[in-house]
Amino acid sequence: MTIARLASALLAACALSSAAQAEVTVLGWPGGPEESALREAANAYNAKGDVAEADKVELIFFNRDGFWDKLQTDLAAGSGEFDLNLLATYAIGRYAPFMEPVMLPDTAPQVFGEKVLTTMQFDGAQYGVPTDLSLHFMYFRKDLIDQLLSDPAWQERYKEISAEKLGQAMTPVRPDQWTWNDYQATTLFFTKSVNPDSPTRYGTVLQMKNLLFNIMVWHSTVRSNGGDWMDEEGNITVDSAAFREGLELYKNLYDEGTTPKDSLTYEFAEANAAFGSGQVATMLQWNAAFPDLNDPAKAPTVAGKIGTVAPPAGEAGRFTHIHGLGLGLNKAAQNKEGAVKFLNWLATAEAMQVYAKAGGAPALTAQALQPIAEQRPDLAQLGDYAGQYGFVMNGGASAKALSVYELQAEQFTGYWAGQKSLDEALAATAEGMAGLLKK
Amino acid sequence: MQCALARDGRILVAPLTIFLLAMLGLPLVVDLIYSVSAVEFATILSPEFVGLANYASALSSESFWRAAWFSLRFGLLCATAQVLIGLFLAIFLEPLLARRPWLMAFLMLPMMVAPALVGLMYRLVLHEFVGVVPWFMFTYVGDSPSFLGPDNAFKTLVVVEVLQWTPFALLILYSAYVSIPADVREAAAIDGAGTWRRLVSIDLPLMGPAIGATFFIRFIDSFRVFDNVYTLTGAGAGGSTATMSIWVYEAFFKSGDIGRAVAASMLLLAASWLVLSVVHRLSQRRAGASA
Amino acid sequence: MTALRWIVFAIAVLAMNFPVISTLITSFKSEAEIAGNPSWWIEAPTLANYQGIFAIADRFDILHYLWNSFASSILGAGLSLLLAFPAAYAMVRFETGQKWLLPLVANLRAIPLIVFAIPLYLVYARVGLLDTELGLALILCIVNLPLVLVLLAASLRDLPAELDEAARVDGASTFGLLWRIVLPLATPALATTMVLGFVYAWNEFLFALMLTTRNAVTTTVGASFFFAASGGGVRWGTAAAVMVLSVLPPMVLGLLLYRRIGQSLAAGAVKG
């Protein structure tokens, strides 16, 4: 019975391969600069002389798609597969029951600053080391915008298009002074179906897939018009002018064809692919996309031609959604001591400098940033923007925050796709949120 | 002797029975319990009885019915298209395939590919900036539609499913077609029946059971589809491409709505049981009529 | 007319294999060429994508995924044969469970697998089978059982019962008979069924997606990781190369054994 023999041999092999893991296992955020940065940091840590063999760090990654869902089920099942795992501001409330609070070294506030440390706190306890700060930039093609700002023929055309489509003849302004109206006029100008002379096929690329992260990007439009999830008494306030304007803005841009036709299936990677192809003039996108898009080997068409500013302004001013990513301690960790040692090291200036040099985006105090300020000038900008424009929605760090994002993703993409009316989508969102966020 | 044989029979069937009880019976019990309980990941071991609330919540959810309608339409449309195209290819290509059986290998190839990977491949093939189909459309037609946008996603998914699984229909219908005895056809030819007459009055009726079985199998597989839709569009904008299977998956993983997800899957089980017994009844009646 | 048949055949083959052909072509283009030239023509063929897969093996280990697929598929298909073969024999010769067990298993094919996925996930999480090849194989066995049982029962029914009776007269026990007489005769059927079960198991996605995170990730799930393998955008070339490697084993089996697989599928469809 050769099959039976083969089967038992395989069984034995399987048993072997899952045995013997004494090291510290870290589950990181896959597929982005956070991953390469964590890799470098882990290498540096493992190379240190005083790290015991059993405390060396091993990294694991799985797919971004459904990451939080899987993490949730693994944590709830008491999985000891990993000792440290990724945390995010918007997910802390959901995972805190399965995590263990940590005591960071006394020097941590001098590295990160108190404000940044709070992005990893829940109910007053510190749950992790804040390794990255995420916010949104308005990316634009410097070469194209420069020409728009200097070429009279283009400006004339810009005026015509804005008069026809937006009802007012507008003049191009610099991106750091854009309102959402300027952004809209610019995207129309750079869209071939609107302006046949446009050098690009599309004016912008929106990420409109039914996915919670895409809603975070979109939230900057809401807050800039003064919108919030709920007021101070806890009443849901999504059925407001600010939400309507933001939703209609995306819908208009999509219906006018200023963004690729399949935008409703786009997320981070697809949007970057579109922008990187050189066929897109502007993009509202995570700060994390910058290093790769600006790398001539990875994006030869657009590298060196990209400008970044904070998202456009609305009535209430200029805003960007922020959240922190970090690493925290799994309650069911198998090597807690070793894991805490790594966390403590990670909270030092030395570790964060390694991390930043390898492409990570930690928000650091000026003092901690100083030795690498030359290599990463953008990190100073990151800190500035977070301080000046950053916001978190009221309820955005609660236990049900992720479910709220999921709900909005489903309802709002339904509106953008023409599946339901604006009123229906907002009503369903408000009703669902009331259930999720009730005290 | 007879008694000993029956005992041997039970011993031989025992491993399979025990395995099924453990792998399907136990989950079914878990399903039943959770479907009438309020339960979250944090309280997974202490479910709280809530009666039929989960069923009510699933049945009153608009998205549940949309997913059911999506799956039903998808299943019927795909099965019909696959049977029709498969039937045409089986009969039209029979002269080629009879002489060179190895040609069938190339027609069968799509069935060997994981549907999940087919979905991923279409993400590449249909991508506006790197895919060959939009490139072709832009170059030779001047414009390319949004294949995965809200207007076309359903059609695109149907085409993807039909292209991959028509080979299955082709294979079965072809083997049914070639097993029609030659003398039956010759007799009809002598009677002066033309090609069309023969097809309609001899071939198709004789292939009836095979056509029915093919349609049923393809309908079931397309109805419960998950893999290729999940990798290509996911639940889609506003849940517009959520199939039943995707709806249950998302309710469980994304919303953490365990009770509701489990209740919905029990409803799904009941529906499949219903369909099966109807099909069973029909095939029995047919067997009874022809006997 | 023959020419027309050839044309229809060519169109059918091209259309049905379209995604695989396109992906194969893409996998031989450089990343820069993919961005600039989406057509079926390759200007500068390169193996860089295949080398690229192994360059990031510390992050996404394709060999590990392939091994997981291989191990769980062999185990899953083998186990289903092991369970179904004696049961099929008992059903055919002694009519044990023919009334209820055979239809029950055969009808499993019509039930959406997601029904069992959630409770199995919860049970697996308790007993430590989550993210193991064995746990996945047990489920792949279920996935395969309907077809395997129907096919084996059909082929055993075709074996002459006189052989059994002759052996009985010689005093053989049921088990000796099964082992020495029936098994050798049924080997071809077992082999075909094994291949078919292997292909089905290899291509399974839903359970692999739900039940694995790292150790037991199979190639159908692992391939999607490569879509997000770089921060700045999709590495289409690498993803294409991975997909080609992932579909190769079942496709080669399909090409080599198309005749037997075709017969089995047709038989399984009509009898099940």
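Order of writing sets the labels: A, B and C. Residues in every chain begin at 1.
By definition in this document, a residue touches a chain if its C-beta (ideal position, glycine included) is under 8 Å from a C-beta of that chain, and two chains touch if they have at least 3 such contacts.
Keep in mind that this is a model prediction, so the values were computed, not measured.
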Category of the chain touch graph - line, ring, star, complete, other: complete
Higher-contact pair (C-beta pairs counted), B-C versus A-B: B-C
Intercentroid distance (Cα basis), chain B paired with chain A, Å: 37
Inter-centroid spacing, chain C versus chain B (mean Cα positions, whole Å): 16
Touching two or more other chains - residue numbers and ranges from chain B: 44, 127, 129-130, 253
For chain A, residues contacting two or more additional chains: 66, 70, 73, 76-77, 270, 273, 277
Multi-chain contact residues (two or more partners), chain C: 35, 82, 209, 221, 224, 227
Partner chain B, residues of chain C touching it in the complex: 2, 5-6, 8-9, 12-13, 15-20, 22-23, 25-26, 34-35, 38-40, 82-84, 86-87, 89-91, 93-97, 101, 104-105, 107-120, 122-123, 138-139, 141-142, 145, 149, 173-175, 178, 199, 202-206, 209-210, 220-221, 223-224, 227, 236, 239-240, 243, 246-247, 250-251, 253-255, 258-259, 261-263, 265-266, 269-270
Touch list for chain A against partner chain C, complex: 3-4, 6-7, 10-11, 13-14, 17-18, 30-33, 35-36, 60-66, 70, 73-74, 76-79, 81, 268-270, 272-273, 276-277, 288-289, 291-293, 295, 298-301, 359
Contact footprint of chain A on chain C as seen in their complex: 32, 35, 59-60, 71, 74-75, 78-79, 81-82, 121, 125-126, 130-134, 194, 209, 213-215, 217, 221, 224-225, 227-234
Chain A residues touching chain B - in the complex, by the definition given at the top: 66, 69-70, 72-73, 76-77, 97, 208-211, 260-262, 264-265, 270, 273-274, 277, 279, 403, 406, 410-411, 413-420, 425
Parts of chain B lying in touch with chain A, wherever the complex brings them together: 41-42, 44, 63, 126-130, 144-150, 233-240, 253-256
